[in-house]
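Below are two complexes that have subunit A in common, paired first with subunit B and then with subunit C.
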Partner chain A sequence: MASVTIRDIEKSFGSVNVLNGVSVDIEDGEFIVLVGPSGCGKSTLLRIIAGLEQQNAGNISIADELVDNLHASHRDIAMVFQSYALYPHLTVANNISVPLHMRRLSFLQRLPLLGRFMPGHKEIMDGIKRDVDEVTETLGIGALMDRKPGQLSGGQRQRVAVGRAMVRHPRAFLMDEPLSNLDAELRVHMRAEIAELHRRLATTFIYVTHDQAEAMTMADRVAVMMDGDLLQVDTPSNVYKNPTDIRVAEFIGSPKINILAAQVDGAGKITVGDRMLSGLYSSVKGEDIQVGVRPEALTLADIKAEGLPCRIVHHENMGSEAYFHAELNIGGRVISRMDASALDTFATGQEASIVIDPQNALLFGKEGQRLASKIEVAA
Partner chain B sequence: MLGNSSPMAEALKHAVLIVGALIVILPFYVMLSYSMKSPNEILTNTGGFIGSQEKMVDDYCIKLGNPKKDCYRTPVFFNYGSAFEKAPLVRYLLNGVFVTLSIFIIQVLVALPCAYALSKLRFWGRDVVFAMVLVCLLIPVHAIALPIYLMLAKVGLTNSYAALIIPWTISVFGIFLMRQFFMTIPDDLIDAARIDGMSEFSIVWKVMLPCAVPALMAFAIFSVVAHWNDYFWPRVVITGDRSYFTPPLGLREFTGGADGDFYGPIMATATIIVTPLIVAFLLAQRKFIEGITLSGMK
Partner chain C sequence: MSEQTTSVENPPKRGASLKAAEARTRLISYLFCLPAISLMIIILLVPIFIAGVLSFTDYSLGNTDFNWQGTKNYERIFGRSSYQKMLWASATYVLVVVPASIGLGLGAALLINSLRRFGDFYKAIYFLPVMAALLAMAIVWDFALHPTIGIVNKTLASGCGTLVEGFFSWGWIPGVNGAESWYSTSCADEFPHWLGEKKYAIWTICFIGIWQAVGFNMVLYLAGLTGVPRELYHAAAIDGVRSGWERFRLVTWPMLGPTTVFVVTITAIRSFQVFDTVEALTEGGPAKSTYVMMYAIFEKAIRENLVGFGSAITIVFLGFVLIITLSQRYLVERRVHY
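For the complex of A and B:
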């Protein structure tokens, strides 16, 4: 159990900058999820924390202690890899006990054949067996102890990999997309299981994924990375409701946020197409901006209503709710998410109008930075 | 491939393969057959595969002044008997085992760490070193035999086991083969081992070696067959002392000589020499097919 502090980490491979000064403070016992599109540098950052890769600049400290010059095995952290990286020639029991063998047995005690005759060997091995049994019981893989990784299913391998990480009670867990090789159903199940494991162990978890659903459901805090920059580190609900950058807004949330071009007049009033957003004022004035509206803040209304005229080009029935894809007459496509009962009124091919909820509209500048907005409820 | 070719095409394929197999097997058939026949049957090409096994007269026995009735022999026993009597064949076989195994073990001890470094460690000049390995693959043994012989002679190592073993201990082919195999082992596995607390040397012997068993078996066959059967190099460095002879050098003892060629005993010796290889191959065959797959990785 320990806090992890990441300070101004820079990393480049040759001439390619992968991380440009990433900083984040991770508290003791926190579950933080690093999320971002493929290739943004998440794994690289994780490998630098683990000590598998050397940063070009910046420091990592664990429990307020600089670890930059410590070898991976001395940082007392455990890592679960996307490919699980189990030793293919060892049984499940041996896979899990390897980290304990390497730590508790001396060089002589580890020798093949001879090792068992060294003093103290038996007591240590008994202790290792107890710890391994405890872990396998927790994870429910006790029946698989004598199998080789090749004889396990994906979910079982995943559990063994977690077991190998858990067994030595590390100060922090690093997980690099541990669920991405599982099928959708198992992924949802393991998501809950890992979150539960975190609650029970109360250890710091640093979890990497490119799946925003995983990030939102598991994290205490989400760190959104893009192109080697950390854009925002905040709670899942803040990242969703209050993104500080248009790239965060676009990455988090499914279906994706709708972005509409808008103009602000000298008084701060906002116009999208030829419609004024009533009651919403921008802090910048007399500029072109972008308005982000989550699908649930966009509703379809009758063609005659006060909204942006559009044509519904596609609808998706999700059971309890429905997604409507609409082509705006002013150009551009939007997605609206409404209650399934809306399917009685609207269907593909119909003309309708789109109404924006100004309370839930997010304003972004031309460069994508978040703009302050003011809501004035009309009297 | 399966099921979509016509019976005619299948038959043709099998015919070609059978002819190929016969061509390969024929010399072995002749070797085995001659090793069991009397000289007369060999010269007249009679007696089928195993010969009639009629008693024959051992000329050498008569020359030693024994009465003719004591010199009748069954050909198969005569051939195999003289293979062991005329030359210390057991000694040669043990030499062969010792030399071949020593070469293979040292080759592995050298090749695995080299291959690991070339495939998994990042260091300055790695690509140049690997290019040098590739260049060395192109150098034929015979081109460097003389310099190596001279070097060994300078340090007085000719006529020794060292002369038979040392020049082969660094196998660039082994390094190349293992490097190619290690490239297929995921980096994550090595990183996991590092986090688990293994040193780089432990990783080579405890992780890479067990994963590489199929590739090592393939390399073992190349190495063992090449050095067990090697006639050229032992002939160069073992110039007099028969106690260092390897089995192929032993074959020489039967050729020529005052009594003409003894085809029977020569073929018996040849049979004895190839038998260990064939037995070893049959035993190892299953291991090849089983192999430790990397399926646990994904």
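For the complex of A and C:
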């Protein structure tokens, strides 16, 4: 258990900058999820924390102690790899006990045949076996102990990899997309299992994923990365409701947020197309801005209603709710998420109008930075 | 439709026609296999079978007739001292060349693999002996190892009386009498005739065999090393592996298991087949000390036209190769496939 502090980490491979000064403070016992699109540098950052890769600049400290010059094996952290990286020639039991063998047995005691005749060997091996049994019992893989990784299913391998990480009670867990090789159903299941494991172990977890649903459901805090920059580190609900950057807003949430071009007049009043957003004022005045509206804050209304006229081009019935894809008459495409009962009224091909809920509209500048807005409730 | 009704009424008949159809399909599939099978039998199995039959006779090429010898040929191989020497020569060659060339090949591959630069350069250098025809290289070795004008003995002789002799006579180690060492006595007397002395010839042939096989094994191991997932090394580092030796034991060596089985088999079979260096450099001598099996087969069956006896050696030879191959299969299935 330890806090992890990441300070201004920079990394480049040749001329390609992968990380440009990433900083984040991870608290002791926190579950932080690094999320971002493929290739944004998440794995690279995780490998730098683990000590598998050397940063070009910046520092990493674990438990307030600089670890930049410590070899990976001395940092006392565990890592679960995307491919699990289990030793294919070792049984499950041996895979899990490798970290203990390496740490508890001396060089002589580890020797192939002679090792077992060294003094103290048996006591240590008994201790290792106890710890391994405890872990396999927790993870429910006790029956697989004598199998090789090749004889396991994806989910079982994933558990073994977690077991190998757990067994020595590391100060922090690093997980690099551990669920990406599993099928959708198992992924949802393991999501809950890992979150529960975190609650039980109360250890720092740094979890990497490109799946924003995983990030939102598991994290205490989500760190959104893009192109080597950390854009926002906040709780899942804040990242969703209060994104500080249009890229965060676009990455988090499914279906994606709708972005509409808008103009602000001298008084700060906002117009989208030819409709004024009533009661919403922007802090910048007399500029072109972008308005982000989550699908649930966009509702379809009758064509005659006060709204942006549009044509429904596609609808998706999700059971309890429905997604409507609509083509705006002023150009652009939006998605609205409504209760499934809306399917009785609206269908593909129909003309309708889109109503924006000003309370839930997010304002972004031309460069994508978040703009302050003011709501004035019409009296 | 009508067919269906009949078959429902007479299920046994349907079963019978089904069986007939199945038999026909099977026959056709055999027909398709026939060209491949017959080729295999004609060019692979029949010659071995003929050699097997001939090994019990005294047949020579050109004769219309032969006499059955029973197991006399085999008794000669295992009973006569000159053929026991043959088995010894082959065994020595295999037992020296296989481990040495594999160990050195693996070492070279690991070193080259850890290089950032010049890797390709070293690869090419080590691979040169493999590409060069061994027969041509044997001539070079013949020159180099010539007792008086060869570069090997000239170099050794030039070290006499200098610090080199002082060092390699080991006289500086306490309790060792330098004057009795191999180097000093050779300096005083003469350096060996590497290919002409019974004491040295087989080892010299082994040395050339190793020199040639290292590059080949290195290339196989380099290919094997590219197949070791990098993440396993990372996992090992996280798991607390610090030294290169531990990393080798935990990851590299087990992951090279399939490669090693292949390399051992190939090198062993190639070593059993050694012929060109022996033919070019020693012709089996001196005193049959380098009389390896392949050379014996050549000498008996081709030179002396004792085809029956040559066949018997061939069968013994095939027996050895078969044992190696079968143990490889066993190992592959049991141990190294995960």
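Definition applied: the second predicted complex is superposed on the first by the 379 of 379 C-alpha atoms of A that agree within 3 Å, B and C clash if a C-alpha of one lies under 4 Å from a C-alpha of the other, contacts with A are read in each partner's own complex, and residues count from 1 in each chain.
Note that in this section a contact is a pair of C-beta atoms (placed from the backbone, for glycine too) under 8 Å apart; a residue touches a chain by one contact, two chains touch by 3 or more.
What you see is a predicted model, and the numbers here were worked out from it, not measured in a lab.
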Legend entry - Fit or clash - subunit C, subunit B, common subunit A: clash
Inset, instruction - Please indicate which partner A:Ile6 is in contact with in the superposed arrangement: first for subunit B, second for subunit C, both, or neither. - result: neither
Inset, instruction - Name the contact category of A:Arg157: first (subunit B only), second (subunit C only), both, or neither. - result: first
Legend entry - Touched partner set for A:Asn181, first subunit B, second subunit C, both or neither: first
Inset, instruction - Return the residues of subunit A at which the contacts from subunit B and from subunit C coincide. - result: 47, 50, 52, 71-73, 77-79, 81-83, 85-89, 98-99, 102-103, 148-150, 164
Legend entry - Touching residues on subunit C, where the partner in the complex is subunit A: 229, 231-232, 234-242, 246, 249-251, 254-255, 257, 336, 338
Legend entry - Touching residues on subunit A, where the partner in the complex is subunit B: 47, 50, 52, 71-73, 77-79, 81-89, 98-99, 102-103, 148-150, 152, 157, 164, 181
Inset, instruction - Going by the contact rule at the top, pick out the subunit B residues touching subunit A in the complex. - result: 186, 188-189, 191-198, 202, 207, 210-211, 292-298
Legend entry - Of all residues in subunit A, those that touch subunit C in their complex: 47, 50-52, 71-73, 77-79, 81-83, 85-90, 98-99, 102-103, 110, 112, 148-150, 164
